[in-house]
Amino acid sequence: PDVQSTRDERALAIEQVGIRGVRHPLTVRSKAGSFPSVGTFEMNVALPAHVKGTHMSRFIALLQKQEAAVDSTTAVTLVREMLPLLNATEGSVQFTYIHFVKKSAPVSGVESLMDYEVTWTAQARQNVSGTLETQLHLRAVVPVMSLCPCSKEISEFGAHNQRSHVTMSVVLDPQTKMTVEDLVSAAESEASSELWGLLKRPDEKWVTEHSYSNPKFVEDLVRDVAGRLQQDQRIQSLVVEAENFESIHNHSAYAKISLTK
Amino acid sequence: PDVQSTRDERALAIEQVGIRGVRHPLTVRSKAGSFPSVGTFEMNVALPAHVKGTHMSRFIALLQKQEAAVDSTTAVTLVREMLPLLNATEGSVQFTYIHFVKKSAPVSGVESLMDYEVTWTAQARQNVSGTLETQLHLRAVVPVMSLCPCSKEISEFGAHNQRSHVTMSVVLDPQTKMTVEDLVSAAESEASSELWGLLKRPDEKWVTEHSYSNPKFVEDLVRDVAGRLQQDQRIQSLVVEAENFESIHNHSAYAKISLTK
Amino acid sequence: PDVQSTRDERALAIEQVGIRGVRHPLTVRSKAGSFPSVGTFEMNVALPAHVKGTHMSRFIALLQKQEAAVDSTTAVTLVREMLPLLNATEGSVQFTYIHFVKKSAPVSGVESLMDYEVTWTAQARQNVSGTLETQLHLRAVVPVMSLCPCSKEISEFGAHNQRSHVTMSVVLDPQTKMTVEDLVSAAESEASSELWGLLKRPDEKWVTEHSYSNPKFVEDLVRDVAGRLQQDQRIQSLVVEAENFESIHNHSAYAKISLTK
Amino acid sequence: PDVQSTRDERALAIEQVGIRGVRHPLTVRSKAGSFPSVGTFEMNVALPAHVKGTHMSRFIALLQKQEAAVDSTTAVTLVREMLPLLNATEGSVQFTYIHFVKKSAPVSGVESLMDYEVTWTAQARQNVSGTLETQLHLRAVVPVMSLCPCSKEISEFGAHNQRSHVTMSVVLDPQTKMTVEDLVSAAESEASSELWGLLKRPDEKWVTEHSYSNPKFVEDLVRDVAGRLQQDQRIQSLVVEAENFESIHNHSAYAKISLTK
């Protein structure tokens, strides 16, 4: 009684069907070595109009075999394995995890980890000639500091500043070697200041003065980050968003730029 | 020193810039009368390449004047007021709130409120002839019960069931009178069972037996809801998603259908 | 077959049993008039060891009748009605909602709403002589601005600042008239600066300079707010917490003081 | 200019001051081997009334050195190292992470991972004789399936069921070897059914029928889990909570038992 495989008469294809919210332990291979993390996975296939249901347990079975260290090739590898297992010609694999980067404080050089939410997505589709076309997406949320140019300009002393999130979503050539660190540094280098886990007193002085000398509106943040990513040949299209958790309000300022090359 | 109005040389237009996460008290006008709620607002405009910044306080000033009861016309009204205030030719207003509907239990008829997360979005753009084109989106997240056909089929007795979220996002003709209640009922009528706040014993018996007699895969949920919305002339395009918070797993089953007419 | 009322043999009394996560529309009566909001309710009773189960639907039935405007007396009124309905001698009613206060900007005087998460909890217990003892708790989360004294001290110019949450939980004499506004103002007056929804340019200058002249560590925040609440005769005991969403780190600084008089 | 070390005149000791929301990569040593995860840390000390501030960066410096695999001894080890670094006589270290357990499906025996949110907390306090007293807390949130006895009793066929969270917080003798797996199994063995990541058809039949044969109210869940933990000599006190995400309502049923031995 394989209910899922019976014929469906509703004439409605399903764009995506699968599983989400599945957590899985990950070893992440990064520029500076490997580190432990936890991935949250979404795996979907397209379902033709005449098929009643997909086989949910096969997504999980595939994921359970995932024990190798993950990197920029993992999502593409998984989606290529997934399609035949699910008898599908189109599908996607996505996982979100916390990426750690060891950074040195700007003056003392003391080392500490920064954490970033990163998402890899691979989409695959079998075209008419039977070959598989894949697309690879990378998304990173980078916490930075923004300092308000207007507040600085109009005030005798001081300037309000706050934590901001710069979110970059880029489409990559699956063959290209783009690292999470490359993408993260685009946001950090264009903020009023980047953040660190551990700052000694001379570092805190540096961050305070550097950000004061480097004020940015939310509009400046998205323009400067988008401008930098635009010049990276490895990126096919990009969306840059910035959200400032305003220290003078209980709401956010927000801006977004999308560019297709 | 109006920093925001200075000329920008980076040659990058900004798709959206504005405020988000602003909470505002709302009186909602619905089919069955008015009720209190709280809206969370996002308001954005497009910013041309040569302008450095928008005027963030003007979004808030506009929102502070919003004291009239809200309904399906509010988002369009606000976006039309917003564009000239911000010197913009394109922008959007979005608000999310909890919508309450008084429902009668299926057997006892006892009344109680059900709560739904609802989002209205109005986008406006001034075309070359100077007239404003607007588009109206309505999104509702409807909690329902789903009962697994496979589990019922293979088991001697019982069938696993769970809470599911059916999320419908539709584009409406701004002139049309589509109510939240109309949209919600499309999801509720196609689930294994709809939910109620208050059920007496005979109602609980009815819901249990009704859902057992009406099993649905996550694929069935999106197909049946999309099929119903497809026939509604007021809807120009639709996305239907369903997420089952599986009672036998610690993850969700998920499906999605998008249709443009 | 009233399963819930059968005798339980496990000899384990239940401290709390009831419902949570129930949303209900509210009209809130405040110092400056009424406003709409949404409450999220928890209602619990204690269950003696020999009783198998409570009657869940009676909690909801009671809540459905709640149509009057809510204020500081509502939680106590509800818990007093609840106990006999549930045949209980002990129980609690709690609701959390967004409280709005209209504030005037510090220089321009322009008005806008600020939003605060507020929770009222009433606990009631029948003592041996049969009289009902009630206790009333009020909790408010107040978003404020904190500016770092160390950063200011060590830097040539500027000082990092950020949004902070001051959370105050106080036990009140149920007879006393303590308003949410009274409690909120204790946190706002002791922060580097309070926040506003809408600030014009002269206001932004004032907030920037005022906070720079008024630096506070997270330790200062909890000490100054606790010191102020300690002197309020209406408060029987208090917990003050502060969390600074540090603009130079991706984590928070946190402090807490508890005082019983 | 060490602002934090200046004398404070407000005569208010601070119960807890430190950092929270710090994410750190973890290798977790468990019964069945090691696995990668991510911890979210809180570290606090008590601050005497006469000291103005603590040294926030020292908490982070300590955490950055944490590279060894974590287990039930880690929180105690960290809190013992932390107190002298912060010149404190009292403090606590807490970390929350996702714990993975490889489980075999009940009929097919196919293996998959289940994920649980786990929190270890160690509190330490130097007593008058100068020795350090420590207390160790373990908390686990275990997702299970609950099936309603009333719904089963009153219905001709079927019974509503849903995902539930059983949350156990226990105080342990720091010397005792209690594993996360031991605690988790107490909740899983007392639920209508435990959950698995991967179930084949015969497993799904087993779970469906097993849960139908094993109905539990939210009251039964907390009583049966508390009854089992009560007999474990390694546990000094316990709090058991259960929350049923009701499949027939849009709210939860909740119960709680606290026991001190």
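Chains: A, B, C and D, in written order; residue numbering restarts at 1 for each.
Note that in this section a contact is a pair of C-beta atoms (placed from the backbone, for glycine too) under 8 Å apart; a residue touches a chain by one contact, two chains touch by 3 or more.
This one's a predicted model, so the numbers in the text were calculated from it and none came from an experiment.
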Exercise for review: Supply the minimal count of touching-chain steps required to go from subunit A to subunit C.
Suggested key: 1
Check your understanding: Of the other chains, whose C-alpha centre is the longest way from the centre of subunit D?
Key -> B
Practice item. Compare the two sides of the subunit C and subunit D interface and say whether they are made mostly of the same residue numbers, over half shared, or of different ones. Key: same
**Study point:** Between subunit C and subunit D, centroid-to-centroid distance (C-alpha), Å
**Key:** 25
Study note, to complete from the structure: The distance between the C-alpha centres of subunit A and subunit D, rounded to whole Å, is 29
Revision key, fill the gap. By the touch definition above, subunit D meets two or more other chains at residues 22-23, 60, 115, 150, 154, 197, 199, 250-251
Check your understanding: What pattern do the touching chains form: line, ring, star, complete or other?
Key -> complete
Point to revise | subunit A residues touching subunit D - in the complex, by the definition given at the top | key: 22-27, 35-38, 57, 60-61, 64, 97-98, 100, 110-113, 115, 197-200
Review point. Can you list the residues on subunit B that touch subunit A in the complex?
Key: 1, 3-4, 8, 10, 12-23, 42, 44, 47, 52-54, 56, 60, 149-150, 153-154, 217-219, 222-224, 226-227, 243, 250-258
Study note, to complete from the structure: Per the touch rule above, subunit C residues touching subunit A in the complex are 114-115, 143, 145, 147, 150-151, 154-163, 193, 195-197, 199, 201, 204-205, 207-209, 211-212, 245-251
